[in-house]
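To start, I am sharing the structure in question, which I have written as structure tokens.
Order as written gives the chain letters A, B, C and D; numbering starts at 1 within each chain.
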Amino acid sequence: MALLDVEELSVTFARRNQRTVRAVDGVSFSVDAGEVVGLVGESGCGKSVTSLAIMGLLPRQPGVQVGGKAVFDGTDLLQIDDRSRRDIRGRDIAMIFQDPLSSLNPVVPIGIQVTEVLTRHRGMKGQAAAKEAAQLLDRVGIPDPKRRLKEYPHQLSGGMRQRALIAMAVACQPRLLIADEPTTALDVTIQAQILELLKELVRDSGTALVMITHDLGVVAGMCDTINVLYGGRVVETARRRPLFRQPRHPYTVGLLSSVPRLDAGRGERLNPIPGSVRDLLPWPDGCAFAPRCARRVDACVGEPPELVLTHDGRSYRCVNPAPVPGLTPGEDVREVVPGQATPGSVPAQAVPNDPPAVPGLAAAPSEEETS
Amino acid sequence: MIRFIVRRLLQLIPTLFGLSILLFIWLRRLPGGPETAILGERGTPEMRAAIRQNLGLDEPILIQYGRFVRRMIRLDLGTSISTKREVTTEFIQRFPGTVELTITAMVIAIGIGIPLGYLAARRRGRFLDHASVGGSLIGICIPVFFLAYILKAIFSENLGWFPSSGRQDPTLGATRITNFFVLDGLMTREWDAAADALWHLILPGLALASIPLAIIVRITRASVLEVLNEDFVRTAEAKGLTENVVRRRHVLRNAMLPVATSIGLLTGGLLSGAVLTETVFAFSGIGAFLAEAIDHRDYPVLMGFIMIIAIVYVLVNLIVDLSYSLIDPRVRVR
Amino acid sequence: MTIISGKKREKIDRLAELAARDEERGVSLWQDAFRRLRRNPAAIVGAIILIVFVLVALVGPFFVPYGPKDTMGIREGVVKVGQGLIPGPSAEHWLGYDHQGRDVFSRMIVGARQTLLVGVVATMIGLAIGALIGGVAGAAAGLGGRWGRWVDTTLMRFIDMLLAMPSLLLAVSIAALLGPSLITVMIAVGMVSVPVFARLLRGSMIAQSNSDYVLAATSLGVRKSKIALSHVLPNSLAPVIVQATLTLATAIIEAAALSYLGLGNPDSATPEWGVMLADAQPWLGIRPALAIYPAVAIIITALGFTLLGEAMREALDPKLRK
Amino acid sequence: MRASRPKVAIAAVAAAALAVAGCAESDREGSSGSSKDTLVFGVAGDPKVLDPSFASDGESLRVARQVFETLVRPEEGGTKVSPGLAESWEPDAAGTTWTFKLRSGVKFHDGTDFNAEAVCVNFDRWYNAKGLMQSPDVTAYWQDVMGGFAANESDTLGESLFKSCSVTDPTTVALTFSRVSSKIPAALMLPSFSMHSPKALQEHDASNVSGSADDIKYPAYATEHPTGTGPFKFKAWDIANKTLTLERNEDYWGDKAKLKSLIFKTISDENARKQELRSGGIQGYDLVGPADVEPLKSEGFNVLTRPAFNILYLAINQKGNPKLADLKVRQALAHAINRQALVDSKLPPGAQVAVNFFPDTVEGWNGDVTKYEYDVEKAKSLLAEAGASDLKLRFHYPTEVTRPYMPNPKDLFELLSADLQAAGITIEPIPLKWSPDYLNATTSGNKHDLHFLGWTGDYGDGYNFIGTFFDRQKDEWGFNNPALFEKFKTADSTADQAARVALYKELNADIMNFLPGVPISHSPPAIVFGKDVTGVKASPLTDERFSSAEFKS
């Protein structure tokens, strides 16, 4: 039983006299206690919306439709009432946002912004709260926390701000932490530090982490399982190593090959994915990625591609996946779920973190494991 | 902080100087002159000449201006030509009325405007929102004096709920100390007098409040809407804070910034409104008095009053700046 | 037009590309603003009110049943204000007579034209002077340098002084200074809006001059004055236009206020709503309608301008666009 | 901490307020619960000064009339000279010395006796005015009537009509004048000749009009301690509340005032006054708009109409436009305007078209003078004869002002100019603010061709009307008619009443033939009182006596 089970999550924005937008279209994935899961995709693929939907932070306006399930140990977050959702937020599930400056209230001292969580969820007040807050800041590596408590966001550096935000997030040792592009707004050196910080936090607190990013580098650094999103659906799910070694979905391939790599030979050029996220095909009429896809075939268009589960416990949504050298296409296919069904329904930990180095031998062991 | 205030006060000086010059030129350019105002129907040209001479109106402008400035510095604004009383006395007598009126108007405007604006923003697109936005539009578009008249006709002439003019029922013979009637009433424990004075403030207060109220509603609504999609509000929500805390600490406090500035800018408008409101309600304040002064070409009064209003106006803005720097730590007060 | 050396022409061409991109953004901005306007019901209402108002003002006067100055009621002896007699609406006189025995309906129609005239001219005056001051200040600030800053600050100090004067007081002062006349009203009301326009234009010009394409132009070494004139100014106009629409509303109201204080257009034979409203005061006791007609007309018109103005502001405001 | 800051502030303020409250004690005797003995009367403006010697504005005089008394005063509700503080009076043979027999047992508000001594103190005070007290805006009425002082300090002043005052015995006083004048004794009814308590004058240094030239300061007496013999005493002047309170003079020599206190409340706007009356805040007001007379009556308010004691005229300036020097043209103007229509439509009931320059209530009114009936054709032909068919005239008119004789000048102007245009005259309208612009422009220089103006009589003598207008060359009219001026001199210096009246009759006839301007109308100003207020009698001189006012139960 996973800590968080997201099933068929869909979010649509209906605006007056404009066509409704399906930002998230049947995303499913699951997170286990203490696991680090990545949601990867270009901006606009629905990563952030997904996280907001789970947190119930989407604007409460007529026209915003949320469907599906998000079960957090037993309770469906999408069903519960506002009050109990507020109780869960910040205590059981915490979130870290992209832009630390705009995510902090400019006119309230850091201290209060930290202590208010403690007061809300741990009923701490006055001195006690202040003391705890100081410790938290110290824990996230903010020097001279006592003074910082009194300072305002604009007096802190970018990194400091993000640390402060993290401090607030982990203030109640949540069981799940959602980090939405936590490092994008920071410069590289800081990025590394923040990632380190997050890593050790989840390590020693056993907090599960959902890492939302467009940056495969980040994912490679820390995620156990990775879900690649495109056009509001998960198009491929796999453990970290296999995904990087053997991407199957052309989109994943594209993403990987558009990341500069040190080990790339000289002269070898980056080949970015043509076009942009905007020109996608609505899933019902085929594979959303088809318009940009290098491996497009006629079958791509017409009906949504089926979800393919492989013997090595991965899943992808493609009719013409990137071939695995030495395997005839479809050879490793274990099961095919019809288009409407969800990827990632394979319990991720059932998948060995290290698939056999030799593709040829892959089929057999994985079979045993799955049985 | 202190240095900031001092600097701002120093900045006043050139403004006031320029203003006094503008005023002076303006006053001299006015057609006619005080002499006829004094004489009325009975004036013969000879008498007028005599008065011009008496009033020193035919001395060189510079000398007259010099005299004026010397006076200003001694805060002696001269004597009103029409009432023959010291302008400062007049001011002490009448300004409290306007202050009371303005404060009432502001209390009404802020007290109703901010909550209404906030609710409108939260219920965006619902009835309350449309109602308050529409209402505020009309509030801006209706001529103050007409509104004032309507209020009077309805609430005092027909329903008789409120007195239709003046600051207090003269038959009470209330004691005067500061000329802030409400305050006086409280200080002398003449509760009935205080209540009566307050009662007299409500209708004109409403009339005067119409425009600021409208503006505050709109600004509050706009800025709350803006703040509501700010990231830090989302953060606050993500922390699971109670609606109450989110509203107070995170939404309102930030939304207040633009409102604070607008309030400062509104005072100028309020003083204009006072001219009309006070005239309609025969309310003894500087607004009505200014209108009279212009009728009578009452130079000293005009000079003094406009200067004082300018000072008050600038001071109010100073206060707003200070309050602003209190709400918003990013604004450094140096 | 100065002759420009080849080198320079080349520079300006390169700049033109940059600017062109911006222009095209500008165009789309207008189109897209217009699209948003069409979708905004408030804008529609406002527009309709204005169209009706302008139509009435322009063609109405040719179709009025009676001369707006014809004191027929007194000639026929039906209007006796001395005895409180002012006949109300009738078949011949749809809105009845006024205190001078004139046909109110005709006066309302003709008054629309006068009112529009006052509003427009006043706004034009305010805009012209304000734009001049603000433009110069903004350009000066843009040019920078000791002189630039000096000019800027001096002008703004002056504007601040105007701002320090309560608007009505300013108008009253000017009206008292020039003596009552139609022109006076226009100037007085116009002056009130001068500081607003000045600040607005200066503000947006400075904002503009920090914008990318200006920086680009500067980096290409184009003369700053040229940038200010050929790019900053034109691109600063959007907010000014919006403000002008809003000012029209206040202008009409301010004009009415002046009339009320007896500083309006003294020639009340020529109908103007503000004057009519003010003139009706003595007769409120016997025929409040005389005040209500023009008052309502003023409110509705002002409403029209405000609605449209606000809508335009929203449509053009990049912040509200998302 | 941040949050608590305001609280602290509030606490501080509260504390301060209380502290002050401690020392500030209510100094009013138990607030007059039943206001049935208190009348609040709405007036159009604040009084300027409480010493009528320095006053020329109606509101100051209204107050003075309740607090002070004069030697002779108009009969109640009339203009005839009747006993005031003097029971009787008579001129000597020469008509230059007048002996007044004074009422005995009269006391000033400060308890001192009123007697011949006091009378002389007062007259000497005015006569010996020095410095700023001679400035035309301080002692306007004295200068208007007497023309000068003991020692004139300005060359614009002439020889004083008043010469000396002598005490015959405590109740007999003699006033000597430099010449015979129509003004005596009528002019002595003017409030400006009120009797003040010598003691009070002394104490409060009443004649010390101080300050520098361009800011005249009145002595305390004139603003805080007016002390007369009238039925009401001055109590308080609350500028902050625009109210002036008088209280009953308990030891008044005559019938004591029925009201315990009388409050004048300033409400400058006409509608505001009406609304306040309706909402019960005031129990009466003056300057009722003509249009409100009927409605108020029908609502049951006591609307009193004063006998018309004024004149509205169309002034013609013969200097302004040479054509106007031609009698025919002036006659044309007179025929061109429809005065009847104007009176019917614009003026309150009881208004009449004027045939003389003063109303028929004044002795010397002359019914058979040349009348100029409304006749456009005649006007046109007259203009043609005079070769002035293309006449173009500058017509001045005042904006936003109401005068008892012209409720709404703008309206009147529109009617008249319409009439004149109908007769083929081109009108250039020149609207000006009443004070000072209009009065400046029309009474000086020669920029004006036509304008209207009027006059409310000060006392019941013809000279006060036509004399004021025509007894010498004036910029307002711009004509020089020595014969006329001469006749005025004789009239003024004719001691015998009957003879003088006869001269007035002639003068009226002459004037209407010479037609320096066109008399338009006499209109009765109205004053209104609450439904349950009775006892006040309307006076043509606006000399209403509030002492007789009472609330009928």
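Just so we're on the same page, a contact is a pair of C-beta atoms (placed from the backbone, for glycine too) under 8 Å apart; a residue touches a chain by one contact, two chains touch by 3 or more.
Everything numeric in this text was worked out from a predicted model, so none of it was measured.
Put simply, the chain farthest from chain C by mean CA position is A.
Averaging Cα coordinates per chain and for the whole protein, the chain whose average falls nearest the overall one is B. Remark: chain A and chain D have CA centroids separated by 92 Å (rounded to whole angstrom).
Between the CA-based centres of chain A and chain B the separation comes to 57 Å, rounded to the whole angstrom. The centroid of the Cα atoms in chain B and the matching centroid in chain C are 25 Å apart. For the pair chain A and chain C, the distance between mean C-alpha positions equals 54 Å.
In chain D, the positions touching at least two other chains are 271, 433, 437. Shared interface positions of chain B, i.e. residues touching 2 or more other chains, are given as 31, 149, 153, 279.
Residues 69, 71, 73-75, 77, 79-84, 99-101, 176, 179-181, 262, 266-269, 279, 281-286 of chain C touch chain D in their complex. Within the complex formed with chain B, the residues of chain D that make contact are 17, 20-21, 24-28, 31-32, 35, 38, 40, 46, 48-49, 56-57, 132, 135-137, 140, 144, 154, 156, 211, 213-218, 223, 236, 238-243, 245, 263, 265-269, 271-273, 275-276, 278-281, 433, 435-437, 439-440, 443-444, 453, 455, 475.
Those residues of chain B that touch chain C in the complex are listed here as 14-15, 18-19, 22, 26, 29-31, 137-138, 140-146, 149, 153, 226, 268-273, 275-276, 279, 290-291, 294, 306, 309-310, 313-314.
For chain D in complex with chain C, the touching residues are 270-271, 274, 289-295, 341, 343-349, 351, 399-400, 407-408, 410-411, 414-415, 418, 429, 431-433, 437.
Those residues of chain C whose C-beta lies close enough to touch chain B in the complex are 157-158, 160-161, 163-169, 172-173, 176-177, 179, 249, 253, 256-257, 260-261, 277, 284, 288, 291, 295, 298-299, 302-303, 306-307, 310, 319.
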